[in-house]
Amino acid sequence: MSLDKATVARVATLARIKVPDADLERMAGELQGIMSWIEQLSEVDTKDVAPMSSVVGHVLSQRADVVADGGRADAVTSCAPERVQLGDGAFFVVPKVIE
Amino acid sequence: MSALTDLTIAEARAGLAAKRFSARELAAAHVEAMERAKDLNAYITPTPDKALEMAARSDARLAAGQAGALEGIPLAIKDLFCTEGTRTTAASRILDGFVPPYESTVTSRLWDAGAVMLGKTNLDEFAMGSSNMTSAFGGVKNPWKRRGDARDLVPGGSSGGSAAAVAARIAMGATATDTGGSIRQPAAFCGVVGIKPTYGRCSRWGIVAFASSLDQAGPIARDVRDTAIMLGAMAGHDAKDSTSVPRAVPDYEAALGRGVKGLRFGIPREYMLDGMPAEIARLWEQGIAWLREAGAEPVEISLPHTKYALPAYYIVAPAEASSNLARYDGVRFGTRVAGNSIEELYENTRGAGFGAEVRRRILIGTYVLSAGYYDAYYLKAQKVRALIARDFDEAYAKCDVVLTPTAPSAAFAMGEKMDDPVAMYLNDVFTVTVNLAGLPGISLPAGLSSDGLPLGLQLIGRAFDEETLFAASHVLERAAGFSARPGA
Amino acid sequence: MIIEGKTGPWEIVIGLEVHAQVVSDAKLFSGASTAFGAEPNAQVSFVDAAFPGMLPVINRACVEQAVKTGLGLSATINEVSVFDRKNYFYPDLPAGYQISQYKQPIVGEGHLDIDLASGETKRVGIERLHLEQDAGKSIHDQHPQKTYIDLNRAGVALMEIVSKPEMRSPEEAGAYMRKMRALVRYLGTCDGNMEEGSLRCDANVSVRRPGEGLGTRCELKNINSIRFVMQAIEYEARRQVEVLEDGGTIRQETRLFDSAKGVTRPMRSKEHAHDYRYFPDPDLLPLVLDRKWIEEVRASLPELPDAKKARFVSDYKLTPYDAGVLVAEKENAEFFEVVARGRKDPKLAANWVIVELFGALNRLGRDIASSPVSARQLAGLLDLIENDTISGRIAKDVFGFMVETGRDAAAIVEERGLRQVTDTGAIEAAIDKVIADSAAKVAEYRGGKQALFGWFVGQVMKSTGGKANPAAVNELLRKKLAG
């Protein structure tokens, strides 16, 4: 398994992080170094071991079906870099998305 | 330096009750000290006006006999906790301009207990780091320096600002978070006490998430009693956090005096690393002797999967982080870097807004979760994690607490270990097992290195048995008599 | 259904994925409201908007609704299930991931029995049902260069119900959707409104030679009515047959149904294939259900359509067809039962509800909840028929007045003097008069023109203003005409 430039470019796209072409090689080297070090995990015999599914052995607690939140369009949109207000509500704004 | 800033929380509590000074005086002394020590860069956002306002309210409550557990105590808050109305950065450019419209549960509890906010402390960006060097706001100077050496040292990380502030007496205590060692390692590097409680002990609601199954909030303070006082106020179930555990919070301060007679403490052989500096090995031996003298019994134990903890951590933590940080996209808060399409907006914003270490970890995390790799990496790491937890379970049949060094070295110089990410990761070798197993761990200063830098010892406890940690670390603290102070 | 192509027969293989919005007051993992029609972003909590440090907490009502639906599908309820993050970037998905369930869903295998036009039932297997968050809405038409985002819907609970690929025709797919819709409405777990988007359907369609393995399938999206489900599948199956018969291959892709043109076309691919990087959500713990509680939920289920239909056939002696029509909507079935209760002839009730009442509601464009005639009132009308106060023919007129005025049948009959004439003396007198006035016709009838009997009946009814008891008229007229 090697982390080459093409893989880094693909992963960067999946993560939506711009990595300039000039940096791809160096980034691949750094990531490859980390992954090689991580490889030692394959030495561990984990046959028949269940993965950890809950750190403190608890189970999910469920809450009542009560409306106790929301109702503040202004608060929820006022931190946005771009928003448009409409009546008592407001929209988040992004460049046009083609579907 | 004002004597007021030398007080511990317990001493200040007594002084306020006895009306020897007011909360306002206490806050003002710290505000001045912060200004004088600006050079350390421990704070990203000092909040002097707020501190004085809150102190005034504390004085009113003190006068009315309504003092809370931390009334009037000036605290620093790691800039990972969302504080309503005060900008919160996570030491990242991507949150530029973000002023939270809500308060984290842990800090709410502190304000309810009457504490006073001095400001938001510096940290590694998004809590990713062991030196505070990845902060977008510059590194933090450790108030300690090597004897005869002018070089600036790192305070450790990620809670470097919190630890430095407490060590430099520009905060009486500080909140911090620990995902792989980020409370304990900086506490050790700065000669102060820090505890990471059991996973689920403190609420994570309102704390910028790094790795959800590992993150835990905890206090840093100058002695064990102070951390017990702070943890008592910070801990507790929160219905808004599904991973928070509904368990009553015991009186931690009361546990301090328990002593350690008959306590069995484990010495894990796998922590005796090749190349461990002699003075750290010696300190560990010294710790064993101190506990023995106090009536505790050392037990040799084995935690066989210890060496795999760091690589497992560097799969699980980046994987969870890569998903937790997907929300930083320039749409609803923080910075936006424009783009012609939504994809460009995302890529530009995140490429510019995240620093190098964060970008590396997001890419690693995305990679290990990606199609075809999940079983080999993430699933494998979660299995190794289960084995590490099992190691501790089995060890706790033979002992009640585990004693180890906190870090494999004293504080290093700024600029060192920066070339190889893995070299930096190795700082967490003694602390990371504790997060993977979800157990509580405390670090306290136990001695000085040959060039005069603090060295820490770590105690690891059973889940929800912070009381034993406080009892045992109090014994060690007394025995060590650590009274050195940073010269800087 | 077999498509006869140029080169031979083709079989259609259909699997349906239904997304049903759960009926609940608050969202799946946040306390914001799910109510329809609010101002943009007025029903959004910081959790829904994925602000820093926000965390999900599950809504117990949504869990119960999913379990109810699973039980209604006769499915296995998994006592332990896990929530996973499905990671991808899209502006209506604020966290950059959707909380869903991947390998361990809350509900496992089950089945849905669908009713075909022939009267047959077919059992379609259900693969699984899981809970997941709905996304927000992207609005593209408010600004030429910008898209507006409304997160009101983000975080609303959805049940994703995946069928096994066991349907073989557009008709079966339509029947499946109709039955699924009825089921969730009976259970009260989803309001089943396809036009408004609370019930959505994606269809997976492939074709193959009968007896062969599965062909490459395409996923059809943007279908918002049962009629369009059938239309889209029909078009797509034929498209695939044409491609294959021309020697081409089917490319596995997602296609949008264009309802205006009745065709499917490939979605402009968003970018690259999605790699969702599923992993268990570390902000949540495994969901563990108590078996006793599951049984309590089972015991609380209302009578479901199939059971109700069977009961209508056995208890009320209705035809399966009529029973099927009545149980299609729970409210209709309940209306019918009020009308039919205790009645000697429940079939009469069925006829009146299906033909007269539904006919009137259709004409008026109303639903049963806003019927101008209540079940009690219709029952009252049928009582008047059954006790001979009015004839069936007059009853239809009375019903018309009831629809117009909303008044009770008895009141209308009194006011308009529509009581049936049953007094044999009066009927005989009327018959005698008609016979006396129509000597020629009487002679023709007695001479063999039996068909004239109807004319005589008409005359007698006319002379009594339509109120004579038809049975009595028939009997007495026959006697008198016989001489």
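So that you can tell them apart, the chains are marked A, B and C in the order they are listed, and the count of residues begins at 1 in each.
Heads up, the rule we're going with is that a contact is a pair of C-beta atoms (placed from the backbone, for glycine too) under 8 Å apart; a residue touches a chain by one contact, two chains touch by 3 or more.
Everything quoted here is computed from the prediction, not taken from an experiment.
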Per Cα centroids, the chain farthest from chain C: B
Pair exhibiting more inter-chain C-beta contacts, B-C or A-B: A-B
Identity of the most central chain, Cα criterion: A
Geometric centre distance via CA averages, chain C-chain A, whole Å: 40
Centroid distance [mean C-alpha coordinates] between chain C and chain B, Å: 58
Length of the line joining the C-alpha centres of chain A and chain B, rounded to whole Å: 24
Multi-partner residues of chain B (at least 2 other chains): 98, 101, 213, 239, 242-243, 322, 326, 329, 331-333, 342-343, 346, 366, 370
Set of chain A residues in contact with two or more other chains: 13-14, 16, 53, 58, 60-61, 63, 76-77, 79, 92, 94-97
Touching two or more other chains - residues of chain C: 46, 49, 51, 57-58, 89, 91, 147, 149, 271, 275, 277, 284-285
Chain C - residues contacting chain B, complex: 46, 49-58, 85, 87, 89, 91, 94-97, 147, 149, 271, 275, 277-279, 282-285
Partner chain B, residues of chain A touching it in the complex: 3, 7-8, 11-19, 27, 30-31, 33-35, 37-44, 46, 49-53, 55-56, 58, 60-61, 63, 75-82, 92, 94-97
Footprint of chain A on chain C - complex, ascending: 24-26, 30-33, 38-49, 51, 57-63, 82, 89-91, 138-140, 142-151, 267-268, 270-272, 275, 277, 280, 284-288
Touching residues on chain B, where the partner in the complex is chain A: 97-99, 101, 198-200, 213, 239, 242-243, 245-246, 305, 307-308, 311-312, 314-315, 322, 326, 329-336, 339-348, 350-352, 354, 359-360, 362-364, 366-367, 370, 376-377, 379-387, 389, 420-422, 438, 463
Of chain A, residues touching chain C in the complex: 13-14, 16, 53-54, 58-73, 76-77, 79, 84, 86-99
